[in-house]
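Working notes, beginning with the structure itself.
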Amino acid sequence: MNAENFGSSERLVTAAYVRQGAQGRRAHELRLRALLEQGKCPEDGWDESTIELFLHELAIMDSNNFLGNCGVGEREGRVASGLVARRHYRLIHGIGRSGDISAVQPKAAGSSLLNKLTNSVVLDIIKLAGVRTVTNCFVVPMATGMSLTLCFLTLRHKRPKAKYIIWPRIDQKSCFKSMITAGFEPVVIENVLEGDELRTDIEAVEAKIKALGAENILCVHSTTSCFAPRVPDRLEELAVICANYDIPHIVNNAYGVQSSKCMHLIQQGARVGRIDAFVQSLDKNFMVPVGGAIIAGFNESFVQEISKMYPGRASASPSLDVLITLLSLGASGYKQLLKERKEMFSYLSSELKKLADNHNERLLDTPHNPISLAMSLKNLDENNDVAVTQLGSMLFTRQVSGARVVPCGSVQTVNNYTFKGFMSHANDYPCAYLNAASAIGIKKQDVDVFLKRLDKCLKTSKKEKIQI
Amino acid sequence: MNAENFGSSERLVTAAYVRQGAQGRRAHELRLRALLEQGKCPEDGWDESTIELFLHELAIMDSNNFLGNCGVGEREGRVASGLVARRHYRLIHGIGRSGDISAVQPKAAGSSLLNKLTNSVVLDIIKLAGVRTVTNCFVVPMATGMSLTLCFLTLRHKRPKAKYIIWPRIDQKSCFKSMITAGFEPVVIENVLEGDELRTDIEAVEAKIKALGAENILCVHSTTSCFAPRVPDRLEELAVICANYDIPHIVNNAYGVQSSKCMHLIQQGARVGRIDAFVQSLDKNFMVPVGGAIIAGFNESFVQEISKMYPGRASASPSLDVLITLLSLGASGYKQLLKERKEMFSYLSSELKKLADNHNERLLDTPHNPISLAMSLKNLDENNDVAVTQLGSMLFTRQVSGARVVPCGSVQTVNNYTFKGFMSHANDYPCAYLNAASAIGIKKQDVDVFLKRLDKCLKTSKKEKIQI
Amino acid sequence: MNAENFGSSERLVTAAYVRQGAQGRRAHELRLRALLEQGKCPEDGWDESTIELFLHELAIMDSNNFLGNCGVGEREGRVASGLVARRHYRLIHGIGRSGDISAVQPKAAGSSLLNKLTNSVVLDIIKLAGVRTVTNCFVVPMATGMSLTLCFLTLRHKRPKAKYIIWPRIDQKSCFKSMITAGFEPVVIENVLEGDELRTDIEAVEAKIKALGAENILCVHSTTSCFAPRVPDRLEELAVICANYDIPHIVNNAYGVQSSKCMHLIQQGARVGRIDAFVQSLDKNFMVPVGGAIIAGFNESFVQEISKMYPGRASASPSLDVLITLLSLGASGYKQLLKERKEMFSYLSSELKKLADNHNERLLDTPHNPISLAMSLKNLDENNDVAVTQLGSMLFTRQVSGARVVPCGSVQTVNNYTFKGFMSHANDYPCAYLNAASAIGIKKQDVDVFLKRLDKCLKTSKKEKIQI
Amino acid sequence: MNAENFGSSERLVTAAYVRQGAQGRRAHELRLRALLEQGKCPEDGWDESTIELFLHELAIMDSNNFLGNCGVGEREGRVASGLVARRHYRLIHGIGRSGDISAVQPKAAGSSLLNKLTNSVVLDIIKLAGVRTVTNCFVVPMATGMSLTLCFLTLRHKRPKAKYIIWPRIDQKSCFKSMITAGFEPVVIENVLEGDELRTDIEAVEAKIKALGAENILCVHSTTSCFAPRVPDRLEELAVICANYDIPHIVNNAYGVQSSKCMHLIQQGARVGRIDAFVQSLDKNFMVPVGGAIIAGFNESFVQEISKMYPGRASASPSLDVLITLLSLGASGYKQLLKERKEMFSYLSSELKKLADNHNERLLDTPHNPISLAMSLKNLDENNDVAVTQLGSMLFTRQVSGARVVPCGSVQTVNNYTFKGFMSHANDYPCAYLNAASAIGIKKQDVDVFLKRLDKCLKTSKKEKIQI
């Protein structure tokens, strides 16, 4: 209500009480003001009431919600279903314009504000999470893989001759496909085994660049967050090589925002060498539904070029989700989640070690991986090769989700490229193993229940093995 | 957003678009302004977006939603469940104060406004529906029956000697109980049969008053809306008698707001004689959930006295429901519903007549009842007395709701009072019958499906009878 | 989805995954099963997803949601506004029948289940909270005061000669009005001062009974929860007197469910003497919106008699709120809230004592009051009698809610009865004071902020006094 | 509730009523069953209650909603904000797997069902809208432009030598960018003027193919729905050429589903020649929020190849929106919308003609364009070249949205390609003009208000011109 309406209310309700109410309203306005002016994630989270009021205010700034609007275009933000209108808070026009996904829409001042604020708040959080010198970013309603594709497609225009992408191997289909879809030939660099860890073969990368010729290489495509025993790529060294050979460098930071280590690697890489863009998942880092990614970088104009490559308007849904989430958590809430994740990682790590010992297995020693752990499954694997995959099914039917069982020697062909030892990031990793991760939002109960069920499954497996 | 926040938005989004958005907001504010200043139901309904914004604005005026509030009382509007908070739009403090259900609460300016506006809008609709000289009213979160009880309890303080309530018979339990619960002795006036209609026996009323002595009578308790073949009481004559003998007159107008005839009776009664209060159901007249009533009257101070009799704060839920409903319908939408109801009454009437003829039955001739119809069930009743109630069950299991089957001669005792011919408003109505009504919100489809199913059931009944 | 639909789903999605999904569904069904069979509050709270599914299931059992229903009655559960339908989960028919608020409705199996389950779960919680021998109860959508009125009106039919209600004084308007509204004459028993506490004058009660004659007394109307320095009535002694003189005993337990002491008093009273019914607020004990109460007792048939006194159907809204809340908290969650309240009471008590000392005031010594505290305002009161009420306003405008400032010697007339020293429960309590309470849901932050603001206000008041 | 729970309910509520309730539930199940078994859009729309129940059922089949789930993966569908969880009905896992956007997810049987059903229902609607021989399709959460890009990227793998895309000119940025982003060189074919219409220059297309060599051409990229005076491409002729030269053919059918003419063109093209895929917007055809498209085709394996090109999981939000919308409209509701659109087109056409005549302008004669109309702005343009764009601003500030003003001779460079006469689809269209369209969901009120405001603006413009 504006001042006039508060005035009118005093006819009906004691003026002192109305003034108290107006005062109450003002506090919400001040929060909103700080957001609009600073463009930062508020330190303390907003309650649902403020968030909903804010979204309501944005919505009535869009032309589809104008009481007197008449629409004679081909896209007027009309909604046939009330259920749909409500779940989007009547923000229907999406984000961006046909020319640029970050652009402002004349028809939709509210949605445009939403888009700007989301990108601004997300940028603030990326800084807070460790990449302090990031210059800009935008949320795009596409998977991490498709967002990497968009980066590669943008680079094509800058490096018309390039055909190859240098890619230290990581066995995750969408990473590989992101290059195939963009129309490039991935040059797979096998990892080297250091202790239990699989790490970037820096020398092989440099050798390959020399062999192929820098101008034929679109970019280096490296990875931070990954399943153990692979560990984040040696970003600093890669970034230096990229700088030296003048090759772009795109980092797949899929679920790395939640780890200060991953973010530190990016920050360091950018400081000492070259990183053009780093891409991260919304759902994996911010506890929102699947479907969005953040493309961020250190060079404002390059990030803008990427945003201008997206042809058409786009769904505002992922932006809306992450904005609601960050406003509701606040910076302090998000930091708290990061802290808890780290603590749970330590807990999972020490408990899984004990369990491994009990079962005559080993927690693989992968100190460079801050999120994922691996426990050997030697005993299971030795006498009976189906036992490992059976363990996987057993865990699945017992409602353990996310525990990944990796047998030895599986072979898979993805888009005509054959991977030996698929899932293990190496042609022949020494043993079968099981992965468990401590990802953002994990609770102690998840860990405890997981360990209990795993213990039970391993015992059952053993018995069955003996019976066989 | 206030002006400052729109200003801040212009840093992020083209100023012209933001101004357009601010303009959009203004239109919603203007609607609200008109409501606050005129206190009338808007002619055209509001869209959901305006209504929700309005409720949101009210909510943040209540202390439980103040961002900086600290509460050290015994009732602070805290809500344990988010589901509950949301479904009440965070309006938690209810309506009224311990002294008066219509009073303003210091802690809750928003809820207080809600209460005042609801009563004001409802008053406007009562006028529009035909009782033009009503002076005030209030919504109370109690059934019609309990609201009548509250009226009687209020009258007790004005007529300490009175023990009796004169009540032209209507066979609906809660009407009768409303007097019993208040602690009075109902004096039942049997109706007279005029043609098929059961009508008020005015002479018996007057005779009874003389017999008991006016000062011993708390009030006359008359009824408008009722099941045919009973018809609305002769309000004018009753009101004149009440005026003559200086006896209060309370009208049970349960679902009469939807009928211009019922409303006209009240208006006329008040014009020529005496009506102290008339009570109507919210759910039956305004298509909201069960649970509220409106107590209205022609004398401001008497209606206030009633509102001051309710000890304690009360649920805002029925007020909220009726306010949302009336704002969303608008006066024009409500009038349209009234119009459609009347048309459906005619349609139901003519179609039911045809069906009755086909089955050798009669649509009873009850021109004074504007809502309910009755069709004789003579053939069914004659040879086999359970057939009538069986027809009721058959209709129930075929998902016909509200069709009421009335056998002859059933006897029921309610609070020690024995009613012969219960349900038929008379000791021995000439025949069994079936009731069907055209109530607000009824659709042509309801009528058509009802007639089809009834036809089928009657045929089945006949066959069964023959087999017996 | 039923088994057939899961089967059909396997055509579209891998059977193993569908079975996993069906398994997931089963877990929700089992929760619901336990509720239906045991009728108890589940130990662990349900998540929103289970609750909403449950409400949805209830709703589609009501005839207004039948896909093939046709309605020709005067009340068909039609809803004009989608906003209204949704906020009630499409449960429109309310609770009870015209004959009995606890009765089952043929048209609304789902709403009827809701009503039964709510009363059953609430009964379970009352036992858990300390009144172990309670036999039944029902939720009624009326304020505590109006619910007390209903109890008195029920008693009238059992004691037709009775005119008086014995009432140990408590200065809260709706308690007093509950008797007036029911048409009885309250016989006020002044409290006795013991130390700082105001306690029941047992001898005066008994003397009054003798003087008036037991048969002329409707009941004793006692109170548990109240503002310090009044403390809960001596229920045991009152209950014994009631038993001895064969007088009904109704307890106003407004916000006493949250205190094990209040509940213990009721349990003891019923054990050693007579308590017919005890009435408690829903909002004050269960953190739901204002508007409902629970009427409970030890004699099943008497409680049923009360429920049969309510004439008409009633709003299901308060029942729905409390059911959602208790299912979402679970018994353990509710007990946790009770525990936290108790801890906060200790904290508030010790901190308020310190603050009082600093300001040369006293925390009144009221060990029998488990919820409310009082701090003297002697210095403020001495030189300047408006200062006390000014302090109240200062706290109000600083968004301190619920802190109640009680000056000496205010006089108020309620329904023709004049109370000296109104608000202080005594004709002349020795000093002015300020109340603060630790009610369910209070947070440490409430206490801390309150103390800080109070400290500031007291300092300001002092300065102003000096200036005067 | 399952059968056991209904059984348990009979302990609490009369068995006959519970059975009636179970019957009510069954009707909802049957609807769902038909959907699961037939995979078609139901003829009659579902009410919100059935839709929400259905979504609820889907959600509890996903592992993130399992009551006993423990998650130790990197993506567990956890949601930080309740607002976000609710607005997605707790369907968090998105659609597809890293390998294929149409694939089933083990963790999320419910979301997988949603995905399958959506694609199936949408396919049914495409057939119903006129492309009867379509074989499969999928919803992708990307703009139409980006979806075209995905098609082109898929074709690249089949035609590794190809560098060009043949593109009959349409002045809409994202169409052009879709090719640029995919890394191809658009070969612009200027349109020919036939009467007022701009139509495909079939001969130029064929000449260009010959000149460049078929194997160097990735595909022909044609367009149906477009702004007048351009009209849909001559799809039949283009399809025949594509078949003859063995060149793929991708159709941009952006908002063509709403027009039987556009759909007929596609059906005919596929019958007589070659169409590989046709892409349409969700928001423009189905009244849902911006952000999704449908990729459809006549060859099942090719459409699958496209779906396998999307690297990563994707947002389920657009799928959810369109499914809700189609279930709520039903096939009959959608057909009704198409019918109304067509009627409004006629109305807009005749009324705009009258208005044009009144202002001495012409409604351009564009019989082949079934959606968009153009009215000349000769008088405005003649004496004063800014007047045309001023008219655009005037309409914008008067809350006319979608009316597009096209001046003569504007030049724009998009990704280094310079378009003369940009916006008019031709280097020098004879006159300036204004576009208005009749798009799905338009109301008579839109047309009437538009005409009134346009009339006013034109009069104002004229006056201003005179003053100048």
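Structure notes:
For clarity, chains are labelled A, B, C and D in written order, and residue numbers in each chain start from 1.
In this section, contacts are C-beta pairs under 8 Å (C-beta built on N, C-alpha and C of every residue); 3 or more make two chains touch, one makes a residue touch a chain.
The structure displayed is predicted, hence computed values, not measured ones.
Between A-B and B-C, more C-beta contact pairs join the chains of B-C.
With centres computed as the average of Cα coordinates, no chain lies farther from chain A than B. Note on chain placement: the centre of chain A and the centre of chain B lie 56 Å apart, centres being C-alpha means.
Spacing of chain B relative to chain C, judged by their CA centroids, is 29 angstrom. For chain C, the set of residues touching two or more other chains reads 20, 23, 48, 52, 63, 66, 68, 82, 106, 396, 399. Chain D contributes residues 1-2, 4-5, 8-9, 11-14, 16-18, 20-25, 27-29, 31-33, 36-37, 39, 47-50, 52-53, 56-57, 59-63, 65-68, 82, 86, 90, 104-106, 108-110, 112-113, 116-117, 120 to its touches with chain C in the complex.
Those residues of chain B lying in contact with chain C across their complex are 48, 51-52, 63, 66, 68-84, 87-89, 91-95, 98-99, 106-107, 141-146, 148-150, 153, 156-157, 172-178, 180-183, 225, 227, 254-255, 281, 283-284, 286-292, 309-318, 321, 324-325, 328-329, 333, 337, 348, 371-372, 396, 399-404, 414, 436-442, 445-447, 449-450, 453. Contacts from chain D toward chain B in the complex involve residues 20, 23, 82, 396-397, 399.
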